[in-house]
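Presented sequentially are two complexes of chain A, the first with chain B as partner and the second with chain C.
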Partner chain A sequence: MTHIDPGLTGAQMTLSPEEHRRLAKRYRRRTTLTAYAFLGPNLVAFVVFLLIPVVWLLVSTFRTGGVLGPAEFVGLDNWRDTFSDPLARTSIRNTVVYSAMAIPAVFIIAMILALALHAIPRGGAPIRVALYLPTLQPAVVAAFIFTFVLHPDFGVINYAVRWLGGDPINFLGDTTLALPTIAGIEVWRGTGFWTMMFLAGLTALPGELYHAAELDGAGAIRRFIRLTLPLLRPTFYFAVIFATIVNLQLFDSVFALTDGGPVNSTVSVSLYIYRSLFLFGDIGFGATLSFLLVVTVLLLTGLQTYLLRDSK
Partner chain B sequence: MSSSNSNRQLSSGRLWRVIAVILACALVAAACGNDDDSSDGSVPAAPEVGDSSSEPTGDSGGMAEDSSTPAPTAEPEPELSGTIGFIKGPHSAMEVEFNDQIIADFNAQVAPDVEVEFSTYDWPVHVAELTTLFASGSPPDVQYLVDLIYPAFAEQGVLHDMTDLVNDPDWAEERANISPFAWDLAEQQGGTWGVPVLGAVYNIFINETLLEEAGLLDSWDDSYESMLAAAEALTTDEVFGFGARTSAADFAWWDWYPYIHNAGGDVFSDDWTECGLVGQDVVDAMQFLIDIHTAGVTPAIGSVDNQGLFDLFAAGRIAILHHETPNIVALNENPPDFEWTVAAAPPGPQGHTVMGNFGILSIAEASDNKEAAWEFIKHWASAPQVGRFAEQVSLQVVRTDILDDLFADNPAMQKVQSEMVPRVQGLQPSPHIIEALQAAWPVVEDAFRGNRTGEEAIAGMCEAIDGVLAG
Partner chain C sequence: MTAMPTTEHKTRGTEASKGRARSGLPRSRSAVSLSYVVLFVGVAIALAPFLYVVSTSFKESTSLFSYPPDWIPSPIFWGNFESLFADHPFVQWTFNTLFVSGAVTALKLWFDSMAGYALAKMEFAGRRGVALLLLLSVAIPISALIIPMFFVVRYLGLLNTYWALILPPLANPLGIFMARSFIVGIPDDLEASARLDGASEFTIYRKIVLPLIRPGLVVLGMFTFMLQYTSFIWPLIAVQDSDRQVLAVGISGLQSAFLQDWGLLSAGMLAAAIPITVVFLLVQRAFVFNDLSGALKE
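Coming up: the complex of A and B.
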């Protein structure tokens, strides 16, 4: 501990360079150790539950079996099978198409709702609760609900369609409608979450900038484009990455509603991984698809990080 | 600035070195894994299938009329003790209660000191559940497995080869009471993987009232053409003439199989090395199925699930419906306001078969109480127990000695058991059967939507099936 004589003047209190270096070094060491102490538990969890499984996944891509029976080294066979398997390609295409439909749709709807809620000065809580309720529904419950909404025979929508003189729409049984329908259901489930996320972002924006813009004569649209969107960049950054990760892992609603059908039109990568691992016992193939999914998510996250980086 | 750049380059270089090391380690571990793991799960040497002297000898008497009568083999063995697990898929909402009865009888008559822990798996995900249980290393000692999935588990060495147990001379009489075709389904890959106990027949339900009103009751099932004509005649704004499952999620192949079997085809060839969907009769059968699904006599393809189809039938809105016998219980308990009965699909050019699949009771290789497990299986498979259970859930039995007294108060089940079970042609219990059906079924779904001819559908299915067999 450095002792400072209270009788010293300001100039005399200046630390020598050597002492400054020593103290700075000690400070850095202490803050580094504190940081590691806080990061430690998360680091352990990261290594045990993510790094080791991913490495093990990579190992499994070069083997077959290993869960119920013995493992066998097969070289690059699983990789060849994965890239030549038509259903793997279909599942990747379906997942990408689904994400391309669901993510922009849910963001646009959620942003409109968040702006509307932000404009309500009082009494928005019940609306926020109502909007968030679908997010709380498990996929199986949502599937059950949408059975009564979409069913060609007794579904609410088709009841209305028939009442208007139209033919019933086979939402989940039509190969061209099934995937958009699943995307619609997921948008319904996700809208509440993203609305709250964007609303939180909007609430945190500095009000004085808007007042200034208003005084300068900027209209609502101009304020939204010139102020809101740029200021919400950190929120969008999180939203895009998180939504990409979640949607590329589409599984539960497909599993509950269509099981990949009709005619494989809703098979997602995660569903195909599940089938390969648990239904067909094809561990190496499933591991390869899983590893590809992990890498794809990492690459897309990296790309989004690059594109959405804060350009100064 | 340059320092920052060099640091970034350094970090980037380190990152690549770390990735390279991880990749190298992964490759080395993968290469070494072959040897490392060869001892921890190898398939046991397969003994020879039991000798022909133990083949069943046919009918040997009626079912025990009093379900409390001890099974012939139920000799008290007080030395048995411990706990065994038993897992089964539900065939009824009362599954637990029905099995508790069997377990109570087991404790009263066979092994009072053995505790049986019963649990159920969910049919839609039962393969995943069982895989996880086997992978855990401590699966339930006894499993009820259907012929669609057990071969894959047997191939991977997680089931105990029961050849010696089922050929025990002390159990020869009981073994002989089980139909030979059922043993054929349980004996594969050079081993015996369980004791056949139950079967599910995939029958047709018909609305007799509607068919009678249309004057078609005696002729609708003369041929495929007459069935299609009947379906067209019965279809109205409110009623669909015909219904069958169409999605893999509903195991729709059960309704497709009889037409293919009646045409002399099957998923695999006789030696299971290639696609068995060959010949003009198979193409014609497929074309008929496409025609009936595109004739406007069914609910929109893919619009109604398994339960929904049955509910429509029960509501009088489907006249001819492919489904399965456990729904006979539902119709008996809640009689619809029309007359109904069960039937088989019309005969085809090469046969008049009925589809059915069967369940066996197996012992896990990892079980540490195989003796108690075997005693429990013998008890479960005994005439009083399996007979009572079959009646409770409306499933078929594979024992030949209890047929006379079975389903005395259930005419529909009597008809199924006496007229359809003898015509059953089951599936080929190959380890690849479920993967082949899953791979090929989307082609059928596509064809049922009118997008393929019968010939194109069969070609597409064979391409998928051969792809699975090629590995």
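Coming up: the complex of A and C.
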């Protein structure tokens, strides 16, 4: 680092060691103050809207009440309730199953589209815009669009099914189909985002390596597996972490499409948290579930970092 | 991680002209054709549902259920849009969404670029600790914080205000790391020479750093704006007053209040898609060729 103190450069030769140390210390203190001034607004937001809420969550997991009456300390009751609550377990399972379907699907589709976009000589700009349009929509809008595209009576998909001679499929009213359908809708919405992310990664790759690999006679698939995938590791690292954080928070499309039904087959953790606050007013329970979600995402992110990060 | 100008390919004559110069990958004709086919399918799947919405929004709800479905409504029915603008505070929702998203984006770009500068270029006590704390908090799921956030915002007396929508998103630390990854690439000599000329850190930030990272900030800005434009769960909770609500929540209310009026709902979705699409078209060039994934690299 080349931090040069304007006060020192001219007179450096004539300073005594003590004076030199004193000035250096003063300089460091000033830099530290400046740095914290630059970080200030973010640190305030961090404390008020992240740190305090997380601490509040932790405290609330040991308490009850708080909306109408005063809060009471109840020890581990909330934790026991949360772990023995079958719907809590269902909501966790649904969220995990949803993520396990949606994330790989969206990554594979987006990667294929990004490779295709990277390969074509012209016409990329309008294609990129078209692919990106679904990503620009709020999840609830995507949800409503698919409510009619998939509608059992007049949805276009079911016209096709009937035309082919099948029975109409009730995508969102079937306990086994509802969650995959929601995952599919989120894949439709997310594909544009990840395509652009992967395309940016592909665009930044060094071309020379590919020339060398081709001269060595490596085929397209081999080049992809041996060169592209490893070189895109930083992009994947970001993608996996970001997608995990976002998808484990599944709420909007469930709220708009099924409200957790049919028979709780699409209740997500976030939906259950929302219900525990606004329908049951059970803060302790909701806080415990929330805290579990925070810990889970933190641990998963840590694990992914450990597995995916460059070993430098 | 931005695209570097690939001048070296000019010397490669045949190879560069056969393939694309962008990253120097030579392409066979069949690979290019296959790519176009794949992209055509992708675009069709991305756009077809929108055509459905456009078509439905110009139909009277009674003609929706005709079989087979007619894609082109005849006659064109404007009633859904009339009802949307006359019976619902749709213009107000649009304004609220643009205002809140714009404010969050502007404030975040400002704060994140300052914080990113501090983390990228300043040596100060506690730097590693602050960076680690902020990096950890990237992984805190916001929807797990809705309950405490509700009480914090209520305690501050901000429920049902624009502040309730603008302030909490500022705590999302991802942008700091994106900004830092843009700033790390600026050569130290640039700031050092400015510092020798007696420039303060704030002057260096404003006069040297900000102009240099502008392309990155456009991308970060679009990203922030989009996240904000599509946010749902927090506005749903923080604002009860319909006149202060954002588009996403307002539109979802069209459904429950008026039992599946598909025509109206489609009109609302179409009208809601227009502002964000326009914003995206304005900045899309910058958006594509910048890689945000550098944010999480040490």
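Keep this in mind: the second predicted complex is superposed on the first by the 269 of 312 C-alpha atoms of A that agree within 3 Å, B and C clash if a C-alpha of one lies under 4 Å from a C-alpha of the other, contacts with A are read in each partner's own complex, and residues count from 1 in each chain.
By our rule, a contact is a pair of C-beta atoms (placed from the backbone, for glycine too) under 8 Å apart; a residue touches a chain by one contact, two chains touch by 3 or more.
Remember, predicted model here, so these are calculated numbers, not experimental data.
For chain A, the partner with contacts to more residues, out of chain B and chain C, is C. In the superposed pair of complexes, A:Thr82 makes contact with neither chain B nor chain C. In the superposed model, A:Thr95 makes contact with neither chain B nor chain C.
Touch criterion met: A:Val263 reaches chain B, while chain C stays clear of it.
By the touch criterion stated above, A:Thr181 is placed in contact with neither chain B nor chain C.
Of the two partner chains placed by superposition, chain B and chain C are both touched by A:Phe278. Looking at the shared chain after the overlay, A:Leu115 reaches chain C, while chain B stays out of its contact range. Look at A:Asp153: by the touch rule set out above, it reaches both chain B and chain C. Within the superposed three-chain model, A:Met196 lies in touch with chain C and out of touch with chain B [touch as defined at top]. Of the two partner chains placed by superposition, A:Thr288 touches none, neither chain B nor chain C. Overlaid on A, the two complexes show chain B and chain C touching the same residues of chain A, namely 60, 153, 274, 277-278.
Contact residues of chain C toward chain A in the complex are 1-4, 6, 8-9, 12, 15, 20, 22-27, 31-32, 34-36, 38-39, 42-43, 45-47, 49-50, 52-53, 56, 64-65, 67-69, 107, 110-112, 114-115, 117-119, 122-127, 130, 133-134, 136-152, 167-168, 170-171, 173-174, 176, 188-189, 192, 195-196, 198, 201, 205, 226, 229-233, 236-237, 247-249, 251-252, 255, 262, 265-266, 269, 272-273, 276-277, 280-281, 284-285, 287-297. Across the complex, chain C is touched by residues 1-4, 6, 9, 28, 31-32, 34-36, 38-39, 41-43, 45-46, 48-54, 56-57, 60, 109, 112-113, 115-121, 123, 125, 127-141, 144-146, 148-149, 153-154, 156, 159, 188, 191-192, 196-197, 199-208, 210-211, 214, 220, 234-235, 237-239, 241-242, 245, 248-249, 251-252, 255-256, 269-270, 273-274, 277-278, 283, 286-287, 290-291, 293-294, 297-298, 301-302 of chain A.
Residues 22-23, 25-27, 29-31, 33-34, 36-43, 125, 127-128, 131-132, 134-135, 152-153, 155-158, 247-249, 299-304, 308, 312, 434-435, 438-439, 442, 445-446, 449 of chain B touch chain A in their complex.
Within the complex formed with chain B, the chain A residues making contact are 55, 58-63, 65-73, 87, 151-153, 168, 170, 172-175, 258-264, 274-275, 277-282.
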